[in-house]
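The same chain A turns up in both complexes below, where it pairs with chain B and then with chain C.
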Partner chain A sequence: MNNARTESMVLTVGFILAIACAGIWQAIVEIGGGRPLQALDLFRRVPTAANLRAYERDLEDASWLTKQLRPGMQYRQFVWLKEAGEKVLIGRDGWLFYKPGVNVLLSRPRPISGNPGADDPVAAIVAFREALAERGIELLVVVAPNKESVYPDKLTWRAAGMSGVVGPKTVGLLRRLDAAGVKTVDLFAVFDRVRQTGGPPLYLIQDSHWSPEGVAVAAKAIAGQIIDYGWIERGDIAFEIRPAVVERVGDVLRMLQVPRLEQEAVPETIRCGQVIRSDTGATYKDDPDSQVLILGDSFLRIYETDEPGSAGLIAHLAGQLKQPLTSLVSDGGASTLVRQELYRRPALWKNKKIVVWEFVERDIELGAEGWQIIPLLPIGKNSE
Partner chain B sequence: MVFSSYIFLFSFLPLVLGGYYALPWVFRRLHRSEVFLSRSRNLFLLLASYVFYGWWNPKFILLMLLVSVVNYTGGRVISYPKAGPRQKRAGVTAAVVVSLSLLGFFKYGMFFQTNINEVLSWFGVGGIGIFQIVLPMGISFYTFQAMSYSIDVYRGDAPPARSLADFACYIASFPQLVAGPIVRYRAIAQQLIGRDHSWEKFASGVSMFVLGLSKKVLLANPLGGIADAGFGAQTLEVSDAWFGVTAYAFQIYFDFSGYSDMAVGLGRMIGFEFMKNFDAPYRAVSITDFWRRWHISLSTFLRDYLYIPLGGNRRGPRRTYLNLAIVMLLGGLWHGANWTFVVWGAYHGLLLAFERYLGKESVYHRLPRLARVVITFVLVLVSWVFFRCSTLHEAVLYLAAMIGLGGGTEPARLLAAVLYGRNELVIMALAVVVLAWPVPSYEWSERLTWPKAVVLAAALTLAVMAMCSQAFNPFLYFQF
Partner chain C sequence: MNTKRLLSITLLAALVLTCVSCRRRSDGSSVTGEDPFVTTQGTVEVTARLVEVPEGAIFKRELYDYATILKYQVLKVHRGQIQGDTIFVGHYNPFKARAEAPDRRVKEIGGNLPSFQAGQTHRMALEVPIEDFFMGGIVNKYFGQEIGPLYWAVWTNLAGK
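And now, the complex of A and B:
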């Protein structure tokens, strides 16, 4: 060592102060706020590997220092480096994408866990279809395309000129479903055709979901297919569309978890079409006795229970079929959770002839709780 | 516990440093001797190190303790004044066999079982039930250190440890416990008895630690994202494949050398002096040169405890090539229980043997220095493909993509979105600048100046800010 003594002393003292003060200040903040010292939680838990991990995570989440530094760092990374964290990918022309979804499109298939009843979508869908068939109910599967599958050109300069892309995992899934005789709606082809004709975007710019135009196109395609199969006939209730404008800060933008960016962002102005009953003038409402049950995720929720209400896929599909539907929505849970909920609510089966099951493309790999095979209640319990 | 974590930096480290430097103050007031002080400091470090290690999984402290007791006992047997050559040999053999058996069981048990099943499946025979074994973190490092003690004492290169606590402190010492450098007992025996502490030494430790932390948090972690995207992609264009493997080469260097820098730095803070583990390896002009600069503590360990006992280069050219191949093959296997590591080691062994065969007068050695650096780097990049991929099949597909046989699909075009963003390009450029910096961190930290202090303060601030905004990122070498 050949260090200058004064510089060494200053650096040493500065370093010690820097690492020691964080903990001391945290204690002051906690005591000042009348809270128990988080650090002492260590002695309140059995020191197992899991408890130690949890303790470390809690300590970090509660840290005053982390709370002070994290937003500023993330804001600067976003502004200077266009780095948007674990969940967000910045595309072209201000378009934002949900990064885990993009990763599903790009990455190799994950290895199967070895439990075929847990993570194989085809096994779960076919089992569900067969259980429905026993009750005389038809199944129609709708894979809602990821935003990047419809707008790859908005993701990267290298995809300029591409109007749509279907990932190998999705192609594989649709082929296997087709081979198993499961009916599906190919929204990828439908959206691609619509894109070729121009018009407003089918997806929102700051959000991972479809736009009102995307909703309308999807509803028309699904209804057309249901009628073509002859499973039911169109009803006799007339619906009309009433314009409704909402302002929305996209979910992808909110995933950045940087409040300053949310404050600075200009919300998207979205022109929705609210579905109105022509006879009463009331906004669309579900009917538990409908012939059609629609299951799905946030792609059903957006504009439907979100603002402005009754303007999402459920209402628009009802408008196309001229009859109200029964719906069951589980945000991010269309792979398994929504069927678990269905199991708990047998009353929803009343009068059903068709189940439309929507899930977003990325859930092929990212579905919450995987793709479990969920039994249906025995037929005798249908009419509860 | 990970050095680049909130709990280590802001809880564990200040408490340990506080306790360590408070001990003399307490014991001098109690009029205790210097020997007592040095022993108590070692004991304090041992306890702190067990907390550090047990943080990952408390059960495995017992395993480390077992390795320590076995090798310490081996050392006592070897150094027993009345012990004859047979007893000494028995002592060292027992210590080495027990250590290697534990390493073999925990590290290679699963590998062995899955390969047996693979072979059985060739003959249409059903496989055996797999007995699940959890790999204890850092076991490869601390068993090697423990064995170095028994062997050094047997060879007379080092005195036996004065107590089990001292020896266990050497094995468990938290700065280098889980990912090296592999500290040999003879290099540290004297330091366990007495160490120098000074402002200058502590400050140089801070310098090394901050540089290492910055390498890990500011470079290795973001580079890891690029490498993961490349190696995780279903299909790759040629440029993407090369970009991905280059990012991985940078990541593994900054990750591992960052850890080593932090280890050296933490060691200096508590008075230890550990060896330099990296010396600008990507500026190597040959694979032989690369191995003089990369993971120096491992390559010298393998040289002294494996290559030379095998005969080194003293038994003619053919035996030299064979010895090089054996050493690198085992070196590969040391990194992980997977055929990819075996191939990685064999590849390096072959290249070392080939360079030895060419000799120093070959055409290759007459090329300009820059050309040799580039050729060496490309050869190393190819080897990292095996190191990074989890199966040989994956590695072959990746290598195929590097020669243009992997892209052409639409999703491959989208990969640009995750590989070539502004952040990724800036990080890669920054990595190149740091790699090209003429003074390596080990030398840079030796003499502190005011400008350097300012750089270190800025680097620490940035690294802490980045650390607080990143997800959990363990070091790559923890898995070895």
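And now, the complex of A and C:
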């Protein structure tokens, strides 16, 4: 009887110590570092559901023990079990995918109510188009396909033989935009056609973004559509393409935050085409007085302000249109943030005839700050 | 050990931890938030009270890095000029302690603030306007309410009252 009691006491105390030691040690680390106890944040915030979730997340992120153990655990999970956690999916042939994007592809569209609210991309896009139309400016919407929409066969063998799939939410968005008379560039169909002809991949293997080939194909399609609509004519500035090679560890791989994986990963060798002005030999540069304003996210930033520079969609579209563009880029913020920034920069409206608005497909659902309706200009401001 | 005694010890330990955690440091620097960085970086230097942290303003996302606009009531202007006593300041990746915030994209920021809590007093070195110093996404829960420019937080130290 006594032995049984001792055993249960040992087990109970051991269990309590096991679950309590992480918290006690964390308190020691924080006090030792002169920081306030993070556990007490619980009493510093209003206990709403969002704050409680944030509190739990903050505790997890700040945990000394987690920081010590997580990288090793994640590394072994990745290497031994081919499991990359809740944000990354390991595909076939070394391809990596951003899991929340895949979830968007697979999820069903929400039913459209009479008042779709601040998260309805169509309402925001149509409002933007109408505000532009009042100023005589045309809008062209470009949805940059998620990697998994173009390469579902690299995500799973079950999609072998498929060269492209468009998720129901994307189909719904494109149909509604078409019904509302908003002009769009169907890069899904364009990329699908290019894939059928073979050639280098249109997306990077370890990264969520397109490859230089994808950039070039998208630029040609967008420029072709602008010219076909007769909105502007091609300019008279000749550009040339100069090869530039960069090495890049993909953002999806870096997102795992496992240093050892990043060290062991072989960076992708990426052969870019830098856009050069034929007359001066200078690399492409924006013109704030251009007729064309392009808005977008990191799909515009990659190769453009990232290495090697002047080799992204902005430069290639300028090369196709034979004239420099005005651009405004907001990483992960093409749904709302980039238009908020545009609102703060009314000078950018000077001379504009066309706005090209690029956003990545997953932002239909995941766009930072949703899809708010943003006025073009502060009241009383005029860029002319 | 009976339950009552265990509970008393636990409560006492919690009270001690709370006192230790909330204690003020004895050196003057933590009271004023002054250090060689905050006094020399940026073009504007203020001590200001963080009015609130709007719900959903501070969050962690894996693929991208954002700045978040927070609202401050200015208590003292040490350097430079500001208009009014309320300013809106963009902090880069505010879910991180300021000492851990600099990365390969945004290098020249820092401070000793461990986390953002409404009511705290911060001593900050600032630049203005934010668009000239930060090229990424700016999460702004005050969009349309701001008067004047948005500031960019270069250095953020915790200051006493």
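Some points to look at:
Note that the second predicted complex is superposed on the first by the 310 of 384 C-alpha atoms of A that agree within 3 Å, B and C clash if a C-alpha of one lies under 4 Å from a C-alpha of the other, contacts with A are read in each partner's own complex, and residues count from 1 in each chain.
One rule holds in what follows: contacts are C-beta pairs under 8 Å (C-beta built on N, C-alpha and C of every residue); 3 or more make two chains touch, one makes a residue touch a chain.
Fair warning: this is a prediction, and the values are worked out from it, not measured in the lab.
Of the two partner chains, chain C is the only one that A:332 touches; chain B does not reach it.
By the document's definition of touching, both partners, chain B and chain C, reach A:48.
By the touch criterion stated above, A:368 is placed in contact with chain C alone, chain B being left untouched. Of the two partner chains placed by superposition, A:179 touches none, neither chain B nor chain C.
In the superposition on chain A, contact of A:20 is made with chain B only, not with chain C.
In the superposed pair of complexes, A:282 makes contact with neither chain B nor chain C. Of the two partner chains placed around the shared chain by superposition, neither chain B nor chain C is touched by A:266. Touched residues of chain A were counted for both chain B and chain C, and B has more of them. When the two complexes are superposed on chain A, the residues of chain A that touch both chain B and chain C are 48. Within the complex formed with chain C, the chain A residues making contact are 27, 30-31, 34-38, 40-41, 44-45, 48, 50-51, 54, 57-58, 61, 87, 98, 208, 251, 255, 298, 305, 329-333, 337-338, 340-341, 343-345, 368-369, 372, 374.
Residues 1-5, 7-12, 14-16, 18-20, 22-23, 39, 47-49, 52, 56, 59-60, 63, 65-66, 69-70, 72-74, 77, 81-83, 85-86, 89-91, 97, 99, 102-103, 105-109, 148, 152, 155-159, 162, 165, 167-168 of chain A touch chain B in their complex. Contact residues on chain B toward chain A in their complex (touch as defined above): 5-7, 9-11, 13-14, 17-18, 54-58, 198-204, 206-207, 210, 222, 229, 232-234, 409-411, 413-418, 420-423, 426, 446-450, 452-453, 456-457, 460, 464-466, 468-469, 471. Taken in their complex, chain C has these residues touching chain A: 17-18, 20-22, 25, 55-56, 58-66, 95, 114-115, 117-118, 129, 131, 135-140, 143, 150.
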